[in-house]
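Letters A, B, C, D and E name the chains as they come in the text, with residue numbers starting at 1 for each one.
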């Protein structure tokens, strides 16, 4: 473990930026989001979660994946793949860091169907996490065994009073650390123990800390699926995509074509299961009602995903949906409403 | 407020029990103190969770759309500003008046929890409304705040405390004008800027758009079965904004499609997760309509006809505006 | 080297919507009177100016138009009696909104051209293209994908 | 008086009166309705025409200015809402402002008003202007 | 996918002189959907059309793009060519490379580039064209004329003479209208009744004409070709079949104090009455408001005297439902009441009359038997003053903004009639302008001034004052610049022509647009002056705007011809480029309905099968027979469910895209 006075952080960022493009939560146009660091940027590491999760660094909202054009009556396909520059994300929270592992399960796990666009971004990105000093009332990462005091990623950091603690966890992390090591002093893990305990203390007071997901298993699928709770909880859902688009783990996308007049761009873009045209096919849509789409989202996160991925829920407890849903619907409410369905 | 909540609950209880209505559309208490979600209540027992407090911001009229297909009557509670939306929906035939029982309820302005967070208040556990001041308990100590400072943007430009349509009123004495000034002041400010600065301003704001459609889906005037932006046959559909142009187009067209029908309820601004002041676009249209064609407020009456579906022989020429010789 | 590369004069792309009954006929008259106006102007025939959806105007800008001009019958002369009155309100709203978000107001125009006003049609087009030449390329409302 | 000064007066008269002499169709209804017309050198319809044509100079000197009773019969009767009395009033004002000297002293006014509290404000103001020439 | 043929026309040197035809033809071949491209000297010639027909056959073309002159010139030609080749005529698009290109550009390079782009736009649109089929609807061979004045009578006679059945609905108990009230007509001074009465009789006796007097239109639905109308025949209290028109009832009626509408209230009539001697039909009406029997339940003298037992106090309004192919509006006018202009003392002095009242007084069958007298003292007047433009040419707040057109002429007529009969009476006419356009009109007016010594004074009357029983007219003589006073014994006001405000309700029923003065709007002010924008509704007479008798009759005939144009068809073939609503997308919000100038959009509650989801929805439906295809609704529709066939959103966008694709 290494450490460095907070006053030298700018110097550190400058050094990392010289190695690879550095992104971190910045305030710009009264919005805080991950953006390209510069010496005069307004850094907002105090902000717990950016509204937009940093998942778009690996899985962007839209991406051109192919292009075609015609020459006379001939169709020519263009290669539009571009080289991904190495980059680093600083200030990623434990929950968001875990979300990348979940996305890996989708885009990388099946070796026959690797999303190479995602893959090259993953390979080129280093995730530097920061422990959460002041968890919000909407946080429930502990439910998924994520520890805000041990935030994970390639490198974990803690900002405790005037000191930044730095700990590499992976080979990629160590690689970067090696290059900038000269700035740091050595530190001992015991130095952060008190701080970690303090964070755990706050987490123990969080309103949703006791949320239980017992019983959300494949065996209970039919009972959960056919629960009559769904109708009641989905009734006032607006079918907007807020929850999906700010969720760090949602990963559905659509493929659409755009004719620029000179060529066709084939665009991969985020989709939301809350939209009525999600899974719309030539014959129609297998999910015609709001209830079905709403149910899909939560069944996917809480039942289907863990069933297919060794029990990993497609949720990291970041609390974004709890904060931002226009009608205050969120995964916590759903989990509570369905708690007893299918419990033996 | 608590008394009004009691009366509202009692009214709901009474109408549900007597069978006048088969469901009640109101707000439901959640786990967090500021959580007041719109919800339907179908039995008198369920009414226990009903709540009416400073966080009940949702404009419930949106949920009345196409309730006519169901053969039942809904009791709905509407704040003064929500009744404009209901009227507009009635005049667009999106709601059938016979299928609803509208109770107008008083409102003294609703609280924007995001404004509280923006003040740096974290880990909010309890909020106690004590007249004009709020006592807030957080994970990190107690705070206080002046209520007026964290009112929703829409409440700062309140349209007034009169209900435009209702079957009966409850707690209208609660109503208190919260309007602080001219509702067009922000539009005026922007108009005074140079074209370049305005462009810069809207680029900054609209570039934040994540195209989640919350503004559209919450809007009581956006009631299309299938939005042009969702319709693959329209030629303009897209699921995300790939370029600046798409960000601009989505919001210009959305504002245009509700121009003359927008009841200025401000839900678009409230629900935008990115905090884009979308209501300004609608306000600009409202201001223009007022200036060019005479004062008009959509939803004031059911009979009112959108100025865009009307004309006058002497209407202003668009070039006069676009050449800057007219208003601005 | 730079001096040798002759800079191409800017040719604005103009989409001109003309109603079938008055303005299109006016444009025809400009043609049969051999009244010149810039070739940058391309005309789309529509039944009435009230057929112009703001989406079409935005679409033209997206695809690289530098100016959009809508032409209809003079107020009171509409073939469909009231169409152009609606156009006038709609375009007043649209133009004002474009201005509000910072798009140069001179890029959009609504003109009344009767079937007898061939000369006027030509002079309006000349004037409009002249203004656009001075203004230069439409950068604010274009779609980068369509420009490459 | 220079042409531009006269034009300025004309603009000012149009602004103050808010009337539009171009609406006049020369029907003469104003003159016909005017109870003071027998004493006027320039009849109301002619007055309007002069303003429309920009012949301000002779209006400034005309008897009509001081013979107009401001009874508004012409305004009431004018079929085209031209408001001749307002034009006369505006020219009168232009003259008064030029003269810069009031024969009726402001100090005299309270006494004057005490005669009758019921006197309409407009009458007092009109009379004040008229007799302070 | 379409198989498109592109045909580029040289138009001799008209196009080929400036545009590189070869280059345009070659690049057309590369456009999507194009399987064949060719050029020809004159595409519109027999040879050119034959080339197109052959190409369709040889290459299995589904659409034709012609790059040639304006579609306003030859679109119809090429549509016919397409039809002759077995294609749907709407699978044709024209790129206007002559008027919009070769004729206005001199530079060959840029003209060729532009022609190529215009060609591309036409092909882009054509790729999205669909065959269109004009709708057909049947025609009910019967016309309805609303209003039985000279306009209505003339229209009805013309239609009836052409062999079609016509119904006239007239509000009052007799046909004849305003013209029947007139004494003489200008500029010939012939007797109004003498020329009108035969027409009234013709109308009544015509086999093809049915009269519904004392009737009003209650409800109209349907559209051109098949309007469905409810006519309310008000209770006359006299059985039309039994009455023989003897008039005994009228003589017997004890009530003699009711105001005669026909005499403008200047004379009295009984409670059971016929408006005037020549009334058609000659069947009395009981004025229930004045009838003692209806007021008190007693009396019934008429019933007793009637030899045919035709009096029926129990009679009820009768509703008649009829189908019509066309409707002609001939609702006429009423004179504006001058009471609002206090300065004229109308209603205060019995010696101030309106022109129509004066007309009655001059009539031999009128209230005074044609003797001119002061109603205040029954003396012969020595001096008469006529005042023109009463209520006309005014600011909207003060009267009517328009010129009533007929007043100058009828005032000259009145002045002349007075002078003819009583040369010793002084006649003065106050005018603002004397407007006499029309055949022999100015001559007529000059005759009044020159031969009859009528004193025309330019200027308006300020006010009238009652001076010892005479009327002092205080006015301004503008030519003298002097104030004048004239002591008159009689003052006649030439009041404005005004459309009766209750016509607006009829306009709404017919969905026929009206202007702010309650005159019906014509479909085009110059080219379609007798048609309403609403198909199948025609305008006859003053209901469209002020007119004199010859103009009214001319327009009545014109309206009849236009109506016959429809009646003579067995089927109406519509323009297929009309609006179409996609019921799956329709919100039922009424936005489109609000802007439709024709009332072509209706809403119905309908079961919609939305991909298996069935529910009842309110959806818009475009009536193909009424829609004219302007497209106003398509933009008002936020969801895009309303689209215009032949000019769809996608087609126009495709054109935009093609033009911008540089």
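Note that in this section a residue touches a chain if its C-beta (ideal position, glycine included) is under 8 Å from a C-beta of that chain, and two chains touch if they have at least 3 such contacts.
The model shown is predicted, which means the values in this text are computed figures rather than measured ones.
Asks: With contacts defined as at the top, give the pair, A-E or D-E, that has more of them.
Replies: Ranking A-E and D-E by C-beta contacts puts D-E first.
Asks: Which one of the chains is farthest from chain D, going by Cα centres?
Replies: A
Asks: For chain A and chain B, let me know how many angstrom lie between their CA-based centres, rounded off.
Replies: Centre-to-centre distance between chain A and chain B: 30 Å.
Asks: With chain centres taken as the means of their Cα atoms, state the distance from chain B to chain C in Å.
Replies: Whole-Å distance between the two chain centres: 37.
Asks: Report, in whole Å, the distance between the mean C-alpha point of chain A and the mean C-alpha point of chain D.
Replies: That gives a centre separation of 79 Å.
Asks: In whole angstrom, what separates the CA-based centres of chain A and chain C?
Replies: 46
Asks: Got the chain A residues that touch at least 2 other chains?
Replies: In chain A, 258, 261-262 touch at least two other chains.
Asks: Note the residues in chain B that touch 2 or more other chains, in rising order.
Replies: In chain B, 226, 228, 235, 242, 308-310 touch at least two other chains.
Asks: Quick check: what residues of chain D touch more than one other chain, meaning two or more?
Replies: In chain D, no residue touches at least two other chains, as defined above.
Asks: Pull out all the chain pairs that touch, please.
Replies: Chains touch in the following pairs: A-B, A-C, A-E, B-C, B-E, C-E, D-E.
Asks: Write out the stretch or stretches of chain C touching chain B in their complex.
Replies: My answer: residues 54-55, 58-59, 61-62, 75-76, 82, 85-86, 88-106, 108-111, 140-145.
Asks: Which residues, counting only chain A, touch chain B once they are in their complex?
Replies: Against chain B, chain A makes touches at 28-31, 48, 51-52, 61-62, 134-138, 202, 205-208, 232, 235-236, 238-242, 244-246, 254, 256, 258, 267, 269-272, 275-277, 322, 324, 326-329, 332-333, 336.
Asks: Residue numbers of chain E touching chain C in their complex, please.
Replies: Within the complex, chain E touches chain C at residues 70-73, 96, 98-101, 103-107, 110-111, 113-114, 117-118, 121, 513, 521, 523-525, 533, 577, 595, 597, 628-632, 634-636, 644, 647, 649, 652-653, 655-657, 659-662.
Asks: Applying the document's contact rule, which stretches of chain B touch chain C when the two form their complex?
Replies: 187, 190-191, 195-203, 206, 228, 235-236, 242-246, 248-249, 252-253, 255-256, 259, 281, 284-285, 288-289, 292-293, 307-313, 315-319, 321-324, 328
Asks: Show me the residue ranges of chain D that touch chain E in the complex, using the header's touch definition.
Replies: The contact residues of chain D facing chain E are 23, 25-29, 31-34, 37-38, 43, 45-46, 73, 77-81.
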